[in-house]
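A, B, C and D are the chain letters, set down in written order, and residue numbers restart from 1 in every chain.
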Amino acid sequence: MSDELKIAVVGAGSPYTPELIEGLARFRDKLPVREIYLMDINERRLEIMLGFCRRFAKHLDYNVKIEATTDRKTAFKNADFINTQIRVGGNERRVFDEKIPLKYGIIGQETTGPGGFMKALRTIPVMMDIAKDVEKYSPDAWVVNYTNPTGLVTEALKKYTGVKMVGLCAGGMRPGFRVAEALSVDYQRVKYDYVGLNHMNFAFNFTVDGRPLTEEEFGKASELVGSVDVELIKKMGLMPSAYMQYYYHTSKKLKEFKEAKYTRGEEVLMLEKEIYDAYADPKQDTKPAALAKRGGGGYSEVALGVMKAIYNDEDRWLVVNVPNNGAIRMLPDDAVIETPCMINRAGIKPLAINNVPPTVWGLICAVKNYEQLAVEAAVKGDRDMALFALMAHPLVRDYDVAKPMLEELLEANKDYLPQFYK
Amino acid sequence: MSDELKIAVVGAGSPYTPELIEGLARFRDKLPVREIYLMDINERRLEIMLGFCRRFAKHLDYNVKIEATTDRKTAFKNADFINTQIRVGGNERRVFDEKIPLKYGIIGQETTGPGGFMKALRTIPVMMDIAKDVEKYSPDAWVVNYTNPTGLVTEALKKYTGVKMVGLCAGGMRPGFRVAEALSVDYQRVKYDYVGLNHMNFAFNFTVDGRPLTEEEFGKASELVGSVDVELIKKMGLMPSAYMQYYYHTSKKLKEFKEAKYTRGEEVLMLEKEIYDAYADPKQDTKPAALAKRGGGGYSEVALGVMKAIYNDEDRWLVVNVPNNGAIRMLPDDAVIETPCMINRAGIKPLAINNVPPTVWGLICAVKNYEQLAVEAAVKGDRDMALFALMAHPLVRDYDVAKPMLEELLEANKDYLPQFYK
Amino acid sequence: MSDELKIAVVGAGSPYTPELIEGLARFRDKLPVREIYLMDINERRLEIMLGFCRRFAKHLDYNVKIEATTDRKTAFKNADFINTQIRVGGNERRVFDEKIPLKYGIIGQETTGPGGFMKALRTIPVMMDIAKDVEKYSPDAWVVNYTNPTGLVTEALKKYTGVKMVGLCAGGMRPGFRVAEALSVDYQRVKYDYVGLNHMNFAFNFTVDGRPLTEEEFGKASELVGSVDVELIKKMGLMPSAYMQYYYHTSKKLKEFKEAKYTRGEEVLMLEKEIYDAYADPKQDTKPAALAKRGGGGYSEVALGVMKAIYNDEDRWLVVNVPNNGAIRMLPDDAVIETPCMINRAGIKPLAINNVPPTVWGLICAVKNYEQLAVEAAVKGDRDMALFALMAHPLVRDYDVAKPMLEELLEANKDYLPQFYK
Amino acid sequence: MSDELKIAVVGAGSPYTPELIEGLARFRDKLPVREIYLMDINERRLEIMLGFCRRFAKHLDYNVKIEATTDRKTAFKNADFINTQIRVGGNERRVFDEKIPLKYGIIGQETTGPGGFMKALRTIPVMMDIAKDVEKYSPDAWVVNYTNPTGLVTEALKKYTGVKMVGLCAGGMRPGFRVAEALSVDYQRVKYDYVGLNHMNFAFNFTVDGRPLTEEEFGKASELVGSVDVELIKKMGLMPSAYMQYYYHTSKKLKEFKEAKYTRGEEVLMLEKEIYDAYADPKQDTKPAALAKRGGGGYSEVALGVMKAIYNDEDRWLVVNVPNNGAIRMLPDDAVIETPCMINRAGIKPLAINNVPPTVWGLICAVKNYEQLAVEAAVKGDRDMALFALMAHPLVRDYDVAKPMLEELLEANKDYLPQFYK
């Protein structure tokens, strides 16, 4: 790795790109970036982002070359880190992911359930293609992925390509953030065990400076999850991912979704116009106010953490998505899990986990089984496998639901599923 | 083991007891039984059964001493095999198991889901007590259990007592029966792999005389499952337990249950009167016609198979419920599974399984997780554990459902749950 | 499988072939053999054996067609069972296996240690070739192997070819034979646990008719091992393979070997002349007296047991060599182990083993590691791997010994090691 | 953990204590130690060390309170770290460990083989006793052990007591030191995989700044192992512990030991007088020259690394001895291994290892099996277990050697083996 890093951003037209620029600027002492290549297939957004990012860098006094390209070779050649953050089909397609399942009485959500499943089917072939170009143009580069569903994308790429890759999600840090907030301490002082998959995980054994949390402190932090009943969390003694709401409060969430005027995807579509208008304004050189409404964030922080740990050869504990490789005995080696890892220049290695909570191991297995089938279906364009995946999913399972819903989902996404419609 | 066997039957007031007598008579050459002790706490039924069984034995020309007792010591002392087939709370309580879940939009069924869960909570403490008396009065006896839910009962007793025990269900033989029927061959010529738990299992790799089944033959046999979509079975290439209908056709079954005039328990209650009246008739010395309507059967056949294999030291392949002990790598050692075993006088040993089907391993894990939590809750009378068990169950999961439903279930079964109401 | 079986015997010139004929004759009711094809590359011995076997069959009143051929296709075509019992390099080469290690202060023995290692290097390529012809001419046939070292040969063929195959050794039955003899009971009444590899294994938990052996009975049976200190066996509570003498009495055996006038191979070479002269005598139609001095035996009994269990679709417990496939958790799936299996027409399945004795698991792992490396070396002709194999062997280990000894062994076997000298 | 640390040193009379003082002084910014309690049962040495350490601290300008005590309570009360470095029986007994095995033709060495075994038998009961006092007087303290054999001591204490504990050895860092020296880079830039046990381990997959070593670089670094043939190391691609010389060059080492005028223990005994005379000299306030001849070192560096990582809550990669707990699938959970861990204030967690080298896994298992049996023998005073331990050891194995050697070893150590002579 040279002392003058090249960073590529795939899907750079995303409104989140400035967050990454901001992170790189903040840690410029630790990450000597010489050039950033923004890459996207949407030329209009790319142009807007190039303009804004340059203004934003200047505003941040961050001296770095920023270029835009629609060509992967130009973007990847000699890159050290390739950040991938694509959304195949855009938020237009996301709306389908949200709405179609609801017709069948099933949660429609971007990453969990059949929504995430469809996103995986659309996304994995494109990401496989990107991975092949990485292998071709910059085989030593690290692919730092925050394309969702990150666990499935990472599993597909680690299984079927040779890229060096890690899947990211801010979720791995949130348990620490919550405890830090509840106790008013720095989040680095909070440690915890963490078991599961992306958006299906549990944190426990919290300590602050090595001291275990009191029940009261744990309760206080648990309130910050916001979407899962606090009494339940306290009984379990496990802080769940906020996405566990779809499993533990399925009926309630379903009702909410059905009653909502707009789906999240529809809201985002409306917001995006506002955000891009702001980005396009040549006077705009800071993050626009509308972005806050978009939510998210934290992603770039994890990405920065990983890149810093690799580049500076720190030994850094971080929760990321990697193949299991023996970390959790009950799961297959090639199953990607979201798990505490040690990161340094030699790579990313999961810690051995010997205390999967007795109350939730079956659910983790069930969802992982779904994920493995979904990856196979996505890579091979296999309709039966797609059906088995939905039936393996705890939120679907029922054949009489899965079968017609799958047909409708595939049909609605036809244009983005060459592997199924060849 | 002596040449003059003593057999005890716990819960002998059950209308199925004559099936056992019939089986013993049929295999009298292989099982030299000298005496059969019928034991029950229901004195009236016990008396009826004693009378009938003696008449029935005579009718069968089966020369054996049959006695009745309400005393475990008398029944167990020097027994070689102790058949347990109790129903704690009777079919009256079963009706609650069936009806209460329905109020919450959840399948109410005797063995699967919250119904089976409640049955386990009522049954396990009584079975633990019986096991302790077996250890006391006849520690070398084999407990041959067909008390449901047999997997959970077996797990509780193997974990928390020292009895020699096996859990039975006719389900392990049904895949072979179906293929035999479809192909018009003797069922002994059919072999298959079999993976899973009681009422949650899959058979595959069928052969007849060592020759793999054709797709057509497999399809024909699959039609005999009767309750799971045949197209689905053929796609999966796995023949499921008929109880898988509750998982794969949940919404359909729920609708049926809601629309049914009577639950199965209610029907049985009505039938029972008719059956016992027949049994009580001093002229009745064959199985009454009404019994056929009760269904079931096959149980005693498996029981006979196990007892014969042990007594005669045959090496016999049979699917029974035993602790995993390394047979399936992903499951804990103490998890009871329904699995192919080799049975002879030295005991019952599971075959190693290295081909858990990739499409269903997660579901098996999910249900096994539920089972382990349910056993803990039943043994310890732990309400939180009971809640976690229901939430781990794929048919419940939703906290907002599980919590109130659990309260109602416990309250309705109060009189049979000393461990929860102490 | 037809009702008129064809059996092929590869290496039929072996003096043991008549034992197989005798076994087939004895079990003619259970195994309806129509024809036996004797195959060998040594035409003189083949001719002698053809003549003798025909006379022997006649003497036994066994009506079967016996033919001889040097052509694999003729032998294999439509065969149901193919018995392989070759000795590549003959007993001449065996003498080298015995003598060369002794020069380095290492046990020289036909199957254990560097002797067995060299036998594996010579034998595996030939057996691979045979396997390929089986796949070509009779893919459904069962290869019943008693070519030594049977564990290594089986591992190579199961890993690198697609034949249906099982590796046999009488050793798996010996623990039962010994207890039967000591207690004067039929060996079928004796059951036991059995863990390990071919010639590296331990039997324990003995029962007779389901009753555990007393310490005294175990001691009496242990004396029949003959080659391992009885006090040691009693302390361990594990009955070892007689071949464990080379591990537990290394120095004593080494002394014996060094002082012996002739190696076993040399003795056998002298005996063979006598035996073949007897076989060649046209008046000889029973097993010649000299054969008893040759020892061995039991092999054909196991082979018959396996063939009968498969053909008659018995569920039969037998100890044979098969891939681990999850039977023993600490060993790789593809590691061939000598282990209790359930055998019927559907195949051969290992029982799950959850009680590897705490006193010997490391030794089993060490020898298995050697075996896996030896198989790789044999298949690939890899000298480094051959060195690592010898260093992994508990009887060699020392690099300063392994290196020159390997060179000398390879050189002495040059003509039989095309994979190393290409 | 307070901001004013108390450190206890058990066995503080050891000549290595000043190394620890020096380390603490060097890292005083990172480890704010207020007081150091030197504890020993040898009052003379303790007094000498107290005097010297105070002078040494002054010389180092290290402002810390240093006290001496023979009382564990005084030493342990409120301690944060308890460094244990005892030698039960002293170097006098070590000489027996070295000499007795040689009489039987077996390597006599302080940690490997029967020498280490005897050291374990003498040491473990004393360490168990110390652990119980730690639990009593300072249950939150970390026991940082470098008492040998550190793997066995750690396994005994983790299995049979509740102390927080880690076993140290400089061996875990040596592979990095060697590569650093060979390439003239800072050792922190060198990363590697590391698999095995204390003094039985292998490092591989070396990188410098994330770049894999060339074969030439690996060869150069391998030469620095010094005691194992470099050609062998290069062939294996695994850098072994220097102690692997006793396994890979057994005959050569045995010859050396037999021909040596003095054993290492005898040399050390002679040196010790010289060293203690120097320490006792009131003018001596730096490490005496004689100490260099004593060798060792590095220990305190690892100890400092661990204490710093815990106290400062660094995420630090270090190779230490901890229970396996799922890190290496083939080994039991309670087996202590020397393995890469992530260390911070929340504790010490092993990384998952999925690439145990195919050439050496069996040897690691064999030695681990010995270790587990030795720990049981040491804790329980079980002679049979002690015999099985020696027979499980790859360097002994032969019953005819193990049995008389064990008797002689036990007899010679009688006064230090209360558990065997009660």
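Just so we're on the same page, a residue touches a chain if its C-beta (ideal position, glycine included) is under 8 Å from a C-beta of that chain, and two chains touch if they have at least 3 such contacts.
If you're wondering where the values come from, they're calculated on a predicted model, not measured in any experiment.
K.L.:
Of all the other chains, whose mean CA position lies farthest from chain D?
P.N.:
Relative to chain D, the chain with the farthest C-alpha centre is B.
K.L.:
Taking the mean of the C-alpha atoms as each chain's centre, how many Å separate chain A from chain C?
P.N.:
Inter-chain centre distance comes to 56 Å.
K.L.:
In whole angstrom, how far does the Cα centroid of chain B sit from the Cα centroid of chain C?
P.N.:
For chain B versus chain C, the centre distance works out to 44 Å.
K.L.:
Would you pick out the residues of chain A that each touch at least 2 other chains?
P.N.:
none
K.L.:
All pairs of touching chains, please: list them by chain label.
P.N.:
Chains touch in the following pairs: A-B, A-D, B-C, C-D.
K.L.:
Which residues of chain A touch chain D in their complex?
P.N.:
Going through chain A, the ones touching chain D are 1, 188-189, 191-192, 205, 207, 209-210, 310, 313-317, 325-329, 333, 340, 342, 344-347, 349-354.
K.L.:
Enumerate the contact residues on chain A facing chain B in the complex.
P.N.:
Touch residues, chain A against chain B: 105, 229, 232, 235-236, 247-252, 330-331, 358-363, 365-370, 372-373, 384, 387-388, 391-392, 394, 397-401.
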